[in-house]
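Pasting a structure here, questions to come.
Going in written order, the chains are labelled A, B, C and D, and every chain counts its residues from 1.
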Amino acid sequence: MIVVMQKGASQEQVDYMVERVEALGLKSHVIVGTERTVIAAIGEKREQMKESLESGPGVAEVLPILAPYKVASREVKPEPTEVIAGSLRVGAGSLGVIAGPCSVESEEQLIATAKAVKAAGATALRGGAFKPRTSPYSFQGMKEEGLKLLALAREETGLAIVTEVMACEDVDLVGKYADVLQVGARNMQNYRLLEAVGKSPRAILLKRGASATMEELLLAAEYILNEGNPNVMLCERGIRTFESHTRFTLPVATVPYLQAKTHLPVVIDPSHGTGHTYLVPAVAAAGIAAGADGIIVEVHPNPERAMSDGYQSMNFKQFEEMMVKCRRVAEAVDKVIR
Amino acid sequence: MIVVMQKGASQEQVDYMVERVEALGLKSHVIVGTERTVIAAIGEKREQMKESLESGPGVAEVLPILAPYKVASREVKPEPTEVIAGSLRVGAGSLGVIAGPCSVESEEQLIATAKAVKAAGATALRGGAFKPRTSPYSFQGMKEEGLKLLALAREETGLAIVTEVMACEDVDLVGKYADVLQVGARNMQNYRLLEAVGKSPRAILLKRGASATMEELLLAAEYILNEGNPNVMLCERGIRTFESHTRFTLPVATVPYLQAKTHLPVVIDPSHGTGHTYLVPAVAAAGIAAGADGIIVEVHPNPERAMSDGYQSMNFKQFEEMMVKCRRVAEAVDKVIR
Amino acid sequence: MIVVMQKGASQEQVDYMVERVEALGLKSHVIVGTERTVIAAIGEKREQMKESLESGPGVAEVLPILAPYKVASREVKPEPTEVIAGSLRVGAGSLGVIAGPCSVESEEQLIATAKAVKAAGATALRGGAFKPRTSPYSFQGMKEEGLKLLALAREETGLAIVTEVMACEDVDLVGKYADVLQVGARNMQNYRLLEAVGKSPRAILLKRGASATMEELLLAAEYILNEGNPNVMLCERGIRTFESHTRFTLPVATVPYLQAKTHLPVVIDPSHGTGHTYLVPAVAAAGIAAGADGIIVEVHPNPERAMSDGYQSMNFKQFEEMMVKCRRVAEAVDKVIR
Amino acid sequence: MIVVMQKGASQEQVDYMVERVEALGLKSHVIVGTERTVIAAIGEKREQMKESLESGPGVAEVLPILAPYKVASREVKPEPTEVIAGSLRVGAGSLGVIAGPCSVESEEQLIATAKAVKAAGATALRGGAFKPRTSPYSFQGMKEEGLKLLALAREETGLAIVTEVMACEDVDLVGKYADVLQVGARNMQNYRLLEAVGKSPRAILLKRGASATMEELLLAAEYILNEGNPNVMLCERGIRTFESHTRFTLPVATVPYLQAKTHLPVVIDPSHGTGHTYLVPAVAAAGIAAGADGIIVEVHPNPERAMSDGYQSMNFKQFEEMMVKCRRVAEAVDKVIR
């Protein structure tokens, strides 16, 4: 860390801070500039150090110089991680395509969708059984009954199942039926849940919170990795900005940025990222061109009758057309959907 | 709701949508404009209706015209709610002052702080025993041992205890010791937790998520109210914006806005809202002048040695000075700290 | 427009608002809902009407239902506009590639860059002669001398010249040398400048302001179109959000969104949109996959010695490699770089 | 500056960067950490240095440690600046109150407003003669005729006149009639305009751009100060965030933050900052409690008939009531409206 002293900080203050730095077990190194003095604090940084030093006398700011995530870091593991969960392969050249309805609504709806997306080239099936809803008065999902239908769809199509888990006490139950546990954007910093899925044998799809920084996302992944589960996919699903013509703003630069910082695969979600069906194919193609390792999209037999998220779901034909486009773009960037 | 058809939508599409509106149990009312046709859909709105209609053929957009929260609404209960929890009174003219350390660290630290803030005029003590931390490697709180120290501090000073609960399974435990359960910003949309605290007999301090809209905050409160717990305080603690000179951006207009929409009291948190001790007193005074029903601030005997949030904590003297300022401003807006 | 009355608005208030609506030359249509009354106001909307109605007694809100831009609208002109300016063709299937240094620094720098980007496949040369800089102490550009060098580069390579104009009084001067006048993000709402370039015979590259909405961008274009200049390209160069790992956040959904709303071509700027050279190629490819009609990127013979924006400029080799990737992606989405 | 090398940067890269630092006229100081090497670069920083170093081989990032604004800095001039322009006094304990219509519409409207705000305690009159409007089809102001009415209002009431100037060529004209030239938010980075008003003898009210950082605002002020005009007031009028229940988000922490960084006075604009009349008084009071040196608000004889911004304007009675509240809060923080 670099402790930057205020202009005009006294020698006494500098000495005091040097002592503080050393009391933390760090080596100090004072550099006297033309206008200010800075103290380099060398050694292994621990979380509360920055905060602690920042409130010292005469201190202007403390600049950290090392990323606080470790296991997720590409500096620690340079080669990309490929997550394999049943039929789904994501990362290290494999492009996964996860498609399906927002909510599991009925056997008929789910099985029809599973068959249609499989035929069009999807490599996994998504579908919500436990639904986090903004309003307590909204449909909350079919719960275990929904999970059973998902397992049935896997039997019928061979597609791996991706579904959300909302609470610690459901991790085992959901893990009994699903191949991939999704941690939703609203729960990205529900640390108890992160710890719980970190102990699960299932792969994890971790969605970025709507206002989470890259560092917070990687530290959330770190919570999971730290419990021993190495199969974590990061998912960009859009952030909250001043833009209102889309539901969220999907920053496609997340893909190359994360790929530079971490070995974990990166999935994008153009359905939530845009919130409008007509924008989904272009943004899916964009994500793939940017190098994404997977996409996750909403597909419904009849979007206008969907119990949730109909306005951002594709019907079977739209998904099929999107897949034609995406396959061409994937080839152009040397990715294989498999 | 108002269903706005696209320019050039066909009569067939309009007829189709009228039928869809009526199939949802709503009355329809077609209005032919000079450039577009709109369909007014009259009746009780349910959550999925808007989404469902939005994906209809020829539909440009669907405009809702009623707030989706009910019990929290001032239209339903016009008079302000006063939340009373031990020594703390918030709302309906009473201004609560909640102060204390970010984390409970030791008996000595906590008792000294409790006595100091009580002497300066605080009406409740805050302190974290379960700490949600961005990094898994950070200090996670003293847990039950911390709760016991909080209860001890109440015995010594009479101050009501406000402390965070992070998981459903801890609600009873925390409720055993605390007067007010805090739901943190990261958990504002952890719906299971909201339901759990909705069943608790304790009052709730619900913090706004860093990118939550007013509607999402009120719907989160609605989850709690809907379970039968009427004692909910809403807390503005800052939102995430492009600003980086403060930790978060605290929009003071939240106070009069919420007071117009809901009968629930509104508390502001200038410590998290600014992230810098030297900005806290001005923003606390601003919140009170805007009409806030309470403030919550971080105070520590020795901020630079705090295990968390030291850079935004006041020491005893700073808190005392802030209280002198805040008391004068409170009087100027006819609020009483009691 | 739809005038939504407050719950409990009196009949007198409704009558008053009906009268107000009709005084504005609109037809009114009252719809009595189960909880609220709304008044549909039918006719040609003018800007101040919404604002005026919104402050009426008993009014909850006024919902507009028509886009305020006219000439830019795809509803008015359904077929896409192709902007042709010298060697540059943008729109209607043509993908333009504009490349060059942030600032014109010297003849040697500029000519070398022009030749290199031409060889790699660029179809126009960018370069700043008048530079808007955040600090008054930064390099402000070579001004007319720079323009002359740009004209020289065109002579040598045949590439069309794209350069920024910052002030009304420079429009003629810059237009003497350049093929395309760029209006920078900071000037997107400098209405005098928009009017001035609207009278120029040159094509315009209009950059989105860092916090401009889509509607504001389209209305800024409308200022130009309204003066008689039909050759306007819209440029997404990133918006300001809470993200700090990129200089701005580039929302790739802008491309399909604008293409649905307007016939004007859409260009993306991954250099400013990311602020880091290593992120530029992936985001350029993403923009093309999303359907962009052009890209504009910064290239410098020696980025680390550039007088501005070196950290986001590519060297010749990086640009060449990017073009290989972009050409493949362009083919995958049936776009031709010409 | 601190040049942070990448983990694993070679000795050759470090040596190369040391040479680059010294070639820029800075002294270098290499610090070898446990995981990384950093190079402190000591000496006077110039703008392009950071950018230039950032693209060097093996460089992870470059951290600046000095604010780039000079004349505006409180480090340079510790005592607060009081701006005096006719009847208006802002700063150093004086609280200015600027009130009036968004647009000058007629003699009757303006004179009535001037008299009413004066009677209620305003110390200056605002009113737009040149109006920057989002749409080219909106009312653009009365121009010079409006300026003449403003001058007339000053004659009748003695109130100083604050009005916007939109273009360099109007600076002299507007300065002939007005006491304070306002630079609007959309023009905050119109550098030519900043230079032009920097040469004017009139005081300047510089509004923060909707997505400008504090540093950008201070550097915009620096453009004006650098031309020799010391009478600059900074105005917080709200930033663009994801919030849509207010027109902009007004971050009240701007006031104490700026007061710590600069000696220039800080004015807040709760009318634009909230966009709704009913929120204005609370936010005005909040700004004063936070220590603002002035407020600027919109007042109109009949807001619902205003040609612009009616929804955020107060009528005379509302303004009078607001002033009663504001005067009490001002006293509570030892400010004098004079």
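Going forward, contacts are C-beta pairs under 8 Å (C-beta built on N, C-alpha and C of every residue); 3 or more make two chains touch, one makes a residue touch a chain.
Predicted, not measured: the structure shown is a model, and the values here were computed from it.
K.L.:
Can you list every chain that touches chain A and also touches chain D?
P.N.:
B, C
K.L.:
Looking at CA centres, what chain is most distant from chain B?
P.N.:
So the farthest one, by centre of C-alpha atoms, is C.
K.L.:
In whole angstrom, how far does the Cα centroid of chain A sit from the Cα centroid of chain B?
P.N.:
Between these chains, centre-to-centre, one finds 26 Å.
K.L.:
Counting only Cα atoms for the centres, state how far chain B is from chain C in Å.
P.N.:
38
K.L.:
Could you state the distance in Å from the CA-based centre of chain B to that of chain D?
P.N.:
Centre-to-centre distance between chain B and chain D: 30 Å.
K.L.:
Where in chain C do residues touch two or more other chains at once?
P.N.:
Those would be 211, 239-242, 244.
K.L.:
Given the complex with chain C, which residues does chain A contribute to the contact?
P.N.:
211, 213-214, 239, 241-246, 249-253, 255-257, 260, 273-274, 278-279, 282-283, 285-291, 325, 328-329, 331-333
K.L.:
Can you name the residues of chain B that touch chain C in the complex?
P.N.:
Per the touch definition, chain B meets chain C at residues 2, 4, 7-8, 29, 31-36, 38, 40, 42-44, 60, 63, 65-66, 75, 240-242, 244.
K.L.:
Per the contact definition, I'd like the list of chain D residues that touch chain C in the complex.
P.N.:
Against chain C, the touching part of chain D is residues 20, 46-48, 51-56, 68-69, 132-139, 166-169, 186-187, 189-192, 209-211, 215-216, 219, 222-223, 226, 239-240, 277, 303-311, 313.
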